[in-house]
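So the structure is just underneath, and the comments pick up after that.
For reference, chains read A, B, C, D, E and F in written order, and residue numbers begin at 1 within each chain.
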């Protein structure tokens, strides 16, 4: 029995449960557990990536119940990629956190593991309702993490975050109910079959259910006009939390992609290509509004939060281009924007510590005490996130634009992406010059920078450079992922064949 | 025999629902909150009790002895006075309209609680 | 008040719980008896912090007598309330009566107050443990003294006997 | 006969529920409403038991048992709220 | 070899950048050596190029997007690479002496090398996308270099302006390149060059050309994008000498040459490119004359010369291209030397203001001599390199009369001559105004000759000016030929490089320019006054800055307009779009073929009435909070009844218990919250919210109805049939919860646990005080723990625990289970908190609830993991029927252990939440 | 019957949506709570309506309800409880830290 596919949820689950029992009172044991579990995720994810990279779809049948009756975990190329990304981001964020931020509030490590549990579960599950459950896990953990460290601004941001997402959860359930009523199943692979075979009588339920799900995912992905909660929330979250949150919007994107590929694809009967007409406009509007938000930001963290929205919008419009190469380019873009976005949040924190009272706002302040380190990192991060060469944001943008070229709305995509790109460069250059160049006299920084912090930050930001170097391999992988998503028969067969179900010798009870 | 039991069941069910109704009528008709408290605590309790008896008879006559319902009755009798007393305390505290002259309450000063 | 550990802090409660268990399961199979016995031991052990004092029942037969009386009173109470409810509401002459208490244990007072609430025309409206007064609301306040006497003789006295206080 | 009687009993209980609701919406005081809610709980237990008899199954008894056991908790909490504000002191 | 060549400067940059004091060798030396070795390498490997060879190196990089790591060394690339590296070496040498100790940090050389590498990569790229990589890198590196003196606002603004303009142009160019690549089907330059008229005949050609020219124009400071260049003069002079004479500003020119075979040859090209060049030529020449800043003069002169080159490319004639390339070389040489000379003057005198700088000749004669020669080259004086290319330029403008319509043919020679006049005039000013013209005024320093080695680079360049000017065929012809061949991609026409071509029209034009320039300069005082009187001076910089500023302001405006930071708005957006999207999806869909409807019954009608009325009452009375909670309780109770009625006993029980727990919860909170919600809404808002609510309600009702009449064939039949044989239980809901979908349940328990942890975290450090009096102003009643309540609660506890155990044990087969049992226990224990108070209850329930939750989750997880031992997937359950003496036959199911975990976690969570909140008040009294 | 349930779900949703758009934490809590009921009932009836039965097999019941939505709703109820509890405590925290229970602060 190969238990590898369930390990990405088992590890944080067990670690989290242990952290209920021990830790919480300082002492460092919680750090040991947290770091160990997070480190362990990485080889697991890489192993899964290796297997998935061969094109094999791994299916894990929870409870040994065959699909579509039990809950399955499925690892295909897409899941494996997302798991890897999450493992990397989580490790860097956690290493940053253990230099002190984890002590700003109680039970950080528990919440962190639970956050990972929710995210990984969402990437793995092959069941619609189970997806809801993992969404709830990642949400409740994110609420608590958002609050981590306390303070007025965090309280308000958390309040907004919670209320909107609770509404979102209700909408999620309505969507599930409608889809269940129309198809009588919850397993995604089975849904793919049932939706394709649905009659016109079920069209209303299916379409409404599907669209409601799309909106829920759009809410998670912070797409306009659903995503206004994000900038105030992310910009005040504690740094390692904000860094980890860089992947949260991507969970929404992942869910859109998964359902678009599997359930509401072009062959989905009355609900064929259900998401597609919504994605491009949603993405374009989001990019435009996020760009304005970036320009309007008067401090770095808010700017970064808007950048997160921008990347979600860009991803969405790319998915709206509705082709395998669009998906491939979106995934490549996703990798880069997540790593760099996360790294920039950490960097912003380092900058804020260095600048004392000025924080990350664009005002004249004391000289940054480690301009070489922070300035270089900022430059690297800004390049990475703005899509300039020589980092991976650039080929990501190229890839996207090439895909858009063939699309009827390509001129819109070209204009919006390029103009927004320029304005981002302008805003980032203002930010950088304000923080690193417009300085008064030098003072001692409020807190020194731990080498672990800078290493964690740099590793994420340089992730973009690594992606650039390995861009050929990576885009090859994302291309294969896109092809795998476009033809979902492999997924459906792998799940419905139930080959992973252990068959009992005759006469034995149980399941 | 079974006819007799069925008659008893019918009797208890009708009696129970009637008392439940009477208790609720009392809730509507009686003039003040203190008087209204009598309806639910008594009539309704007995109403439920009768229906429970009917249920005991019904299931015992058809599916073998069933005395579970006694428990529900027991719990109801234990808890209904608690509700009633707390509500009347609240009504006293709030000086709700009452036909009877309200007794003096020495509220405000914290009383020492029982030795619980 | 500290006592050495015992498996049966409240034997009476244990017995009651076994009965409850059997009632719940509608069964007197040996398996259920064993389970009931198990819970009869475990649950009182778990809740013994809530019941540091052992309750003793002095006269078991009196319990049955009192119980019969209470059931009778409950039934009659309901009919009298029904008459009041369905009759002309102007006829109601409610009032508050303060009943001085002789008992002082919480449990016994509670029992008394419960009985008062379940029986004819009265609801226990408040208990003042310091002054040992039970405030009773009655639907018929013609003769408060008679009411006080009735409560004291009909309920308080047997309870005192039963619980030896 | 039995089913007719059960139907009648249900109607009676239904009317009782409506009367409770009348007091509930009418008030006038919060205590009246809480009392009405308490009664509603108890009548609901009766309804559930009656329903069990109606369909000839004891599966719903546990729900009635829970109301009998815990129905007063809401009432008590609400009353305590009126009295003390803080219900866990 | 090409890879090595391109990577040398980058390696140098990486070497130098982190070096502070650790590096023994001075950064300047490393930088110089790196540049020099690259130059030597280039000359070595570039030798075959003179004879027409094209060196190519290819390596795959990102095949999916057509980005390959390919380099190409042809004549054009060689020419530019030589300029980049040659002048680069000189600039490093110069900078070594120019920069102060403080400034000349490793950072400067690193940026310079970075820029050098980027430029080199740009001119050597074979792959268009790779070229774009380097193109953008030059913008970034120049941003860093221009902003090098970061403490001055001029430097910061200049840098950002340059980045804005050139970056914007870069994106336009990127679009052009992408479209070109898509049209051709390859991003390899060889393929693009070989594609002939494919691009030019494509319907997107005008768009490509416009975008391309925006890229070119911004980088090479062509009108109307020229304005950033003068502000880039805030850079240290070595940077200006490098970027703004020989390299960066020539990048656009380089592209014109690179894509000449692909894009040129159309009327559009002619009009746009030559128009842009012409206007830039004139504007730059004119404005150069009026600059008082020495570097400003040079900057505008650069603009003018770049315009000249662009114009030549625009003409589209083969000889024009040759002239253009020739002038690229010449301009690079004399302008670099002039910038260096200006830097020396600035360095030694402390100012660049020509109104202060006078008569420097006697202070620094050597430098003055060098500068004068270079300036003469700029003016186009014979025997110097500028003269040759300018003559060719004049000649080419004359050719045009056959090309353009007759009545306009005079425009080009005319404009060329005028520009020439101005060029002579500003060159004269550079010489006369600085080195002669009386005595210096208020100089910060007393000027003198610079260090010996600082002049060497200038000397080298001036020697080149003269060498090329006198012996063009010997010095520059091979390079020029190979470069021109690379541009034209066809055999070169005959052309002659000599000082004397006879007395022809170009010569006349040169003479007119000389004479006119001298006259113009002599009338400068009058001219300056006239220039100052021009009412509004269009400042490109101000225009661009106000553009950027208004973009920022627009951003703020839009952001404020949309993102109100108001939850009400966010919620409204969210709900409105959900409703709208739902309506769109439902619209026009027919209801499914209806199955037989269920007949209406009286209990449902009555329950429904109460439920609906309760909902509406909650909304209506939400301001009176206690009332609203009571109304909500009706809804909860009726929902439980509804579950019971429609055959869901487990749900009914869960709903009842959760309802009770929720009421306690909300009452706990209400003590601290205001008891009344102030009337808050305007009528319009109220109407709007009601409308949205009603529409949402209608939508959901329609959706519900279409769902309810939908005949359903679900997977549930499997659960019904497998529950007993496969899951060992007859209560299918419970078997689903602990077995079929136990994974969900585990997740759900986890959610509860996390919520509890989050709540504990939020309660910690919360400072909040309950009111002294109730909302009607009455003080609270006495007697915290009424004896009746306390006693009954304690009495109930064992009973409740028994009931809990009962529900737990039977849950697999009858309604009940871990959840419900956990909730029963939780509520029973919470009751103790209410009845006896936090302190006493905590004494009696002394365990750590957080640990209880953890234990629960661990037990549930551990049960699931247990199946691994037997080679089954996670959460595989098993059960067996065991027969014992006395007890008889009973079932043992591992799912029960799982359910026990659920039970413990639920108990722990309920207590954590309710008792934790109950503890809040305690804290107040302890304070 | 189907129509009645559809109407109930609609009415509850409408009331909930109205409450969600209020400007104070408490009505929003109520709104989410109410929305929870609507959603739970909605999800519950997605498996159709079955009267007078229970999801119990091998106990002589002829028509069985769809057990799956019941299990889902049970999960949803419990999750909803945890979420509501979190929100309520958060509302308290906001009250304590920010000084009022408005959701958008004093400036609006």
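One rule holds in what follows: a residue touches a chain if its C-beta (ideal position, glycine included) is under 8 Å from a C-beta of that chain, and two chains touch if they have at least 3 such contacts.
Computed from a prediction, not measured in an experiment: that's the story for all the values here.
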(message) Please report the minimal path length, in steps, between chain B and chain D on the chain touch graph.
(response) 1
(request) Identify the chains in contact with chain D as well as chain F, in label order. (result) E
(message) So, comparing C-alpha centroids, which chain is the farthest one from chain B?
(response) E
(request) Quick one: point me to the chain whose Cα centre is farthest from that of chain A. (result) C
(message) Comparing chain centres built from Cα atoms against the global Cα centre, which chain wins on proximity?
(response) A
(message) Nearest whole angstrom, what separates the Cα centre of chain B from the Cα centre of chain E?
(response) 70
(request) Could you give the separation in Å between the centres of chain A and chain F, each centre being the mean of its C-alpha atoms? (result) 28
(request) Go ahead and note the Å separation of the Cα centroids belonging to chain B and chain C. (result) 15
(request) Could you give the separation in Å between the centres of chain C and chain E, each centre being the mean of its C-alpha atoms? (result) 75
(request) At least two other chains touched by the same residue of chain D: list those residues. (result) 10, 17, 30, 34, 51, 59-60, 65, 69, 76, 80, 82-83
(message) Can you list every residue of chain E that touches 2 or more other chains, as numbers and ranges?
(response) 564-565, 567, 571, 575, 629, 645, 649, 668, 670, 700, 703, 707, 712, 714-716, 719, 741, 744, 748, 751, 754-755, 758, 762, 780-781, 783-792, 794, 796, 799, 803, 814-815, 917
(message) Residues touching two or more other chains, restricted to chain B: which are they?
(response) 23, 25, 37, 39, 45, 66, 68, 71, 75, 78-82, 85-86, 89-90, 93-94, 111, 113-114, 116
(request) Could you please write down every pair of chains that are in touch? (result) A-E, A-F, B-C, B-D, B-E, C-E, D-E, D-F, E-F
(message) Help me check something: in the complex, which residues belonging to chain C touch chain E?
(response) 13, 17, 20-21, 24-25, 29-31, 34-35, 39, 43-44, 46-47, 49-51, 106-107, 109-110, 113-114, 124, 127, 129
(request) Would you mind writing out the residues of chain E in touch with chain F in their complex? (result) 564-568, 571-572, 575, 597-601, 604-605, 608, 611-612, 615-616, 618-619, 622-623, 625, 628-629, 632, 635-636, 639, 642-643, 645-651, 654-655, 658, 661-662, 665-666, 668-670, 672-674, 677-678, 680-681, 689-690, 692-694, 696-705, 707-709, 712, 714-716, 719-721, 723-724, 730-733, 736-737, 741, 744-745, 748, 751-752, 754-756, 758-759, 762-763, 766-768, 813-815, 819, 906, 909, 913, 917, 920
(request) Could you pull out which chain F residues touch chain D in their complex? (result) 52-54, 56, 61
(message) Could you list, by residue number, the parts of chain D that touch chain B in their complex?
(response) 1-2, 5-6, 8-10, 12-13, 15-17, 19-20, 22-23, 28-32, 34-36, 38-39, 42-43, 45-46, 49-50, 52-53, 56, 58, 61, 64-65, 68-69, 71-72, 75-76, 79-80, 82-83
(request) Could you please specify the touching residues of chain E with respect to chain B in the complex? (result) 776, 778-792, 794-796, 799, 803, 835-836, 840
